[in-house]
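After this come two complexes, each holding chain A, first together with chain B and then together with chain C.
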Partner chain A sequence: MTSKQKEIFLKKRYRAENRFKFFGIFSITLAVSFLGILLFNIFSSGLSAFFKTKILLKINFDEKKLGININTSEKEIKASNFNEILQEALLNLDLLTPELKKIELIDIVSVDATYELKRFYLKHKDQLNKMIEVSLTLSDDLDQLHKGNFPRDIPEDRRRFSDFQLKVFDEQNAQNKIITEFNFSFFTNADSRDPELAGIGSSLMGSLLTLLVCLILSFPIGILAAIYLEEFAPKNKITEIIEINVNNLAAVPSIVFGLLGLGIFLNYFYLPRSTPLVGGLVLALMTLPRIIIPCRAALKAVPPSIREGALALGASKVQTVMHNVVPLAMPGTLSGTIIGLSQALGETAPLILIGMVAFINVVPFYPIDPSAVLPVQVYLWSESAERGFVEKTSATIIILIFFLAFMNSFAIYLRNKFERKWS
Partner chain B sequence: MINEKIKISTKNLNVFYGSKQALFDISINLVQNKVTALIGPSGCGKSTFIRCLNRMNDVIDICKVEGSIKIDGDEINKKDLDVNLIREKVGMVFQKPNPFPKSIYDNIAYGPRIHGLAENREDLDNIVEHSLKKAALWDEVKDRLTQPGTGLSGGQQQRLCIARTISINPDVILMDEPCSALDPIATAKIEELIDELKEIYTIVIVTHSMSQAARVSQDTGFFHLGKILEFNSTEKIFKNPDNKLTQDYITGRFG
Partner chain C sequence: MNLTIITLIIVFSLSCFFFGKTRVSNKIKISGKKFNSLPVYYGYYLAAWCGLPALIILFFWSFSDLYFIKFLILSDFKADPTIDKNKLNLIFTEIVSIAEKKFSGQIPKNLVPYAERFLNLNKIFELSKLAVISSTIVFSIFFSYKQILKNIKARESVEKVIRFIMFFCAAIAVLTTLGIVLSLLFESIKFFTVVPIFDFITGTNWAPGRAFIRDASTEIADVENVFGAVPLFWGTFFIAAIAMCVAVPVGLFSGIYMAEYARSKVRKIVKPLIEVLAGIPTVVYGFFAALTVGPFFRALGETIGLDVSSESALAAGIVMGVMIIPYVSSLTDDVINAVPLALREASYSMGATKSETIKKVVLPAALPGIVGAILLAVSRAVGETMIVVMAAGLGARLTINPLEASTTITTQIVTILVGDQSFNNPKTQAAFALGITLFFFTLIINIIALQTVKKFKEQYD
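Right, the complex of A and B next:
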């Protein structure tokens, strides 16, 4: 090859390398920008759900209208009606309200407002017979209007609040009576038909309980199965078939596990429907192969010299595996488990089949209480007509993404920590 | 020499890996408190042979060992024998240093712990110190016993493995090319150590280095293609071997 040819050859090689580099960077940029668009979309429409709009109302806790006095027990207070003083305060916002519009005026606050008043009074009993300003949740339509999620310039018959309500709202806003607060109830409330009251309390607890059941079942079973298959089982046809099946199970669509759960846990064993117990069982079945496979890989990666060293010292097979091999395989196993669990956390289809798609308006506490889970909550709210649920849907996705990111970073942390320690 | 006691004797030892025969009719006697070197070209069966002596070949599914291996006159190549007891008596040091991913202390304490050799913490501390001293490692590591054994240098790791083997007080120490992964200085240290250890233990060492065999051993066996061609005192083998092939191998003409 002459030096001229050599030069052409080299140039060609450089060009190929640059081309490869360009395609690589192009693909990464594309992927990152799609992710960026997705996150921007979710965050921009979801962040407002973490705040709620309230109105400051002057309330007169009149003992005659409430039918209580300073000595009334808590139970009786809870049973008494706070509606009258609430309506009185609302009607006072505009004393010239025509009779027909009064109902519209009363509707500017949430249906929960009367209970909010009751809760306020229970904390401030000294306010009896006094006039005090209380912040009450606005109806979801005005909440959305205030957050700018709903345009104010469309015709009255095409929006869910009237011109009269809009006028009152604007007046109050001008007097700084409309305030924005952090939406704690979004985290503590269960689902509701009223968007301003709906929260992820039920689905958050449901997800945690479901994952707990899933972890308790799948982690020990998965690890023991992996250790036995990898270290003790004789290598024959049966173990080969088991191995192939485990690998196949990891690829089975999750909805199939849902059908299995429906057929076996609900219809055969009559376990309670819509509960984290059954959800956890189904997800455990799904997660098992996803724990067994990384655990076996981690065991396989332990150098044989470690096993030989222990065996040569007269350690039994079980001692060798439990004292020396398993601890080395733990980081890989743990990160595999966490990633399996984070997949389970995001699973929707199998849980819908076992009835976790039901409308649950109480926060569950035990694995046998009916409950929803976060991804199913997203699915439920995304179907709802009210505009207030749009931001809730995105906010739930934000929470879900937060948990997934947290779990995955914990997996990476574990892996790095233990790897650094022993190599 | 009349007062020589035979520690290990093999008779008609045949080893198969599946259908392939790796050792053919090995019948040799290894003498107590001597260092026996096994030399020969790669793949000649030296390692297979010493792995028979502590039944490490049991780990390999397809490996079949036939014939008689006696340690102190007791047959060890029989099915119903607890291999863990043999391995307690016959320790082994491997080609690549393989400390456990534990602290230096726990590396040594592991053997005594699983065999219940120490009654209390003090006993265990003594065993660890004693073993490390015998392996000539104590002075280098006494201040960092809690640090991982994997953090030591290659030569130190190998001495740690020797200390680990000593910790359960075996009769025999098998060494499978213990210096092949080490630099010359670390090698010299280990050879020196072997020389001291033979006072207490019977040592069998597989080596590729002729000079090492000549330096450390009293007896030498020359393996070739799964057969033992010559087994004699080291002096005889290196000065005046009976076999032409042995002569060629030790002078570097083949292998």
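Right, the complex of A and C next:
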């Protein structure tokens, strides 16, 4: 080989080197940008759900029309009908409304508006027989229009609000009667068929209860199992079988745990369907191996000298482990548990199978109340046709990701802050 | 009821603990008598005797009483030859819902006395449960206190109990596997008595909805051609393959770069960032695939004149691939780091460039580990549910066109089991048959993968 050929060959080799390195950088950039696109997409479409559009309406709390007076009890007020004064106020927006269009005018506010009026009145009873401006939730379609999530320049028959409603909306907007408020009800309301009323209250509570059941079951059992396997288990066939089982269970698809829950907990033990109790049970079984494995690693990291020291002072094996080894392994154990729970929080498929996809319009308080959970709420809303549910879904995802990020960073904090390095 | 009993047991156990502890320490103080163990162990001893037997009885009682009640109530119906045996469960749930006043619709008159009987039996069982448990508590406290007075070696007994509880907790993993296998097998066997296993594995037509169209008398004849699972196996394989096409190259190169090239500062930022991809719930990926990626491909297809379905195997597969990237990259990273430095140094000393060393020395050495990592990723892809449920569609067809909708085992399980279902029809049981197929398939892949990784690690330890 001449020196020139050698040089060409060398250049070729260096080019290959650079190419290889470029592939690596390219892959990493690709993976990170996927993450970026995903998060950007969710956040950009979900943030608007934290706000809702309201209209300021002049309402006349006429006691004759309401059929109540100053002394009417709260119970009777709740039973009375605020629809008439609401409709009157709405029709006053455009006095020239033709008879046929009146229903469209009434439809610009949410179906919840009469109840909002009622709640307003219960707080301001002194407003009886007075004219006052009240802010009422707009219907979902106009809400989406106002947020710019829905194009206004498409033909009337392809959108869910009419030209007439659009005209009234624009007039009110020009008079600054359309306002945007922080959407508190999104956090407190239960699910609803109407997007402007739907909230994550029930699924947030459901997730909390499910996770609580899961924690109560999986944390002690997981830690005790890890201690047994790491510290006490004799080297025999039974231990080997248990270890293989733990490792395999960690890789079993989550949906199989759902089938287990359906086949055993619901069909065999008759536990109540759609409840956090069963959900927590299923998730606990799923989380167990994911807790046992990091716990064992944490126990293994405690140096033998600690055990030997305790044993030398006359402690029994159980005393050694419980008083000396486990406390030192606690930070690792806790962070492992939290990460396991955060995976359980994001789990959907097994919960769908045990019936946690039901439409729940009340907020649950006990583990035996039917409820939904956050990820299942995402699934349910993503199947809905209304445009308003898209931003709700994204907003739910934002909340879910927020919780996951919080739990994971707490776990990392615990590990970095309290874990002792032995070396 | 159960909650009250549990609270009762806890209160009793706690008071037993303090009672035993103070009692023994007082005795030591007053009479100077020597005990075998520290006072606190006598407290534990007493508490364990008080709590454990009662809890065990409570556990088994609560799970079995409904069975006894059901047996007692249904014994009348079983004797009646005019009633279909398969409807017994339905009758029982009706009776229960009448008793709990949750029955919707016209209440069948003939069931009302049974509902009353159900309530009565329930009451009897509850009361006898309370009686049995309280007498157990009293008896065992009495017994264990006598033992304490005999100065038994309390620490040893307590430690034995602790060890046994720990062993039981570890054994729950085995029980879970057993539970999975049994529950799946139980329903699957029922399914395979109606639908031959051969038809299930080789049939190419999947339309479980049709199993319902005819009435009950012809159902069996109708069941024959609608439970062919081959399209589902194909769809699962196909989508997993698309996912691996994304995940393997990207994950592998990311892992290699992170292990061999990246400076530790870059690594510290990038590695967790990529791992975030694995921490995002799958339902989020499903939403992203269904609402963003699917329509994006559809629009892209329209501009170049291709007909892309908005629910396509391609969209689901690619998004799934993105989800799997960190599984491949992290494991690759670990595996490459486990390859001894000496191998690399030998290669450098021969004048090889870094990439040549990686390609010719490090990767071959790490190959078993990488294969294990990829296999684990495949098992993830096969078992993944939400992405395909939300983005891959439901059409069970044998197609190699990634632009069409496709369906998978997991999608069908979810579709069949969403909502109320009765357990006595082949459609529901089919979901369990699919489940057991999925379970064993992923189990085999996992075992192979874990073994290869383990062997690889042992090789360089």
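One rule holds in what follows: the second predicted complex is superposed on the first by the 391 of 423 C-alpha atoms of A that agree within 3 Å, B and C clash if a C-alpha of one lies under 4 Å from a C-alpha of the other, contacts with A are read in each partner's own complex, and residues count from 1 in each chain.
Heads up, the rule we're going with is that a residue touches a chain if its C-beta (ideal position, glycine included) is under 8 Å from a C-beta of that chain, and two chains touch if they have at least 3 such contacts.
The shown structure was predicted, so the numbers you read here are calculated from the model rather than taken from an experiment.
> In the overlay, work out which of chain B or chain C sits against more residues of chain A.
For chain A, the partner with the higher number of touched residues is C.
> What is the contact status of A:316 with respect to chain B (first) and chain C (second): first, second, both, or neither?
The answer is both, since A:316 touches chain B and chain C.
> After lining up the shared chain so the two structures overlap, which partner does A:235 touch, if you call chain B first and chain C second: first, second, both or neither?
In the superposition, A:235 contacts chain B only.
> Does any part of chain A touch chain B in one structure and chain C in the other, and if so which residues?
Touching chain B in the first complex and chain C in the second, residues 316 of chain A appear in both lists.
> Touching residues of chain A toward chain C in the complex: what are they?
Of all residues in chain A, those touching chain C are 13-14, 16-17, 19-21, 23-28, 30-32, 34-35, 38, 41-42, 220-222, 224-225, 227-229, 232-233, 241-242, 245-249, 251-260, 262-264, 267-270, 285, 288-289, 292, 316-318, 342-343, 345-349, 352-353, 355, 357, 375-376, 378-379, 382, 390, 393-394, 397, 400-401, 404, 408.
> Which of the residues in chain B end up touching chain A in this complex?
Per the stated touch rule, the residues are 54, 56, 59, 61, 84-88, 91-92, 94, 96, 98-101, 110-111, 114-115, 148, 150, 161, 164-165, 168.
> Please name which positions on chain A make contact with chain B in the complex.
Residue positions touching the partner: 235, 303, 305-316, 319, 323-324, 327-328, 421-423.
> Using the touch rule from the top, collect the residues of chain C that touch chain A in their complex.
63, 66, 155, 159, 162-163, 165-167, 169-174, 176-177, 179-180, 183-184, 186-187, 249-254, 256-258, 261, 270, 273-274, 276-277, 279-288, 290-292, 322, 325-326, 329, 353-356, 358-359, 376, 379, 382-386, 389-390, 410, 413-414, 417-420, 423, 431-432, 435, 438-439, 442-443, 446-447, 450
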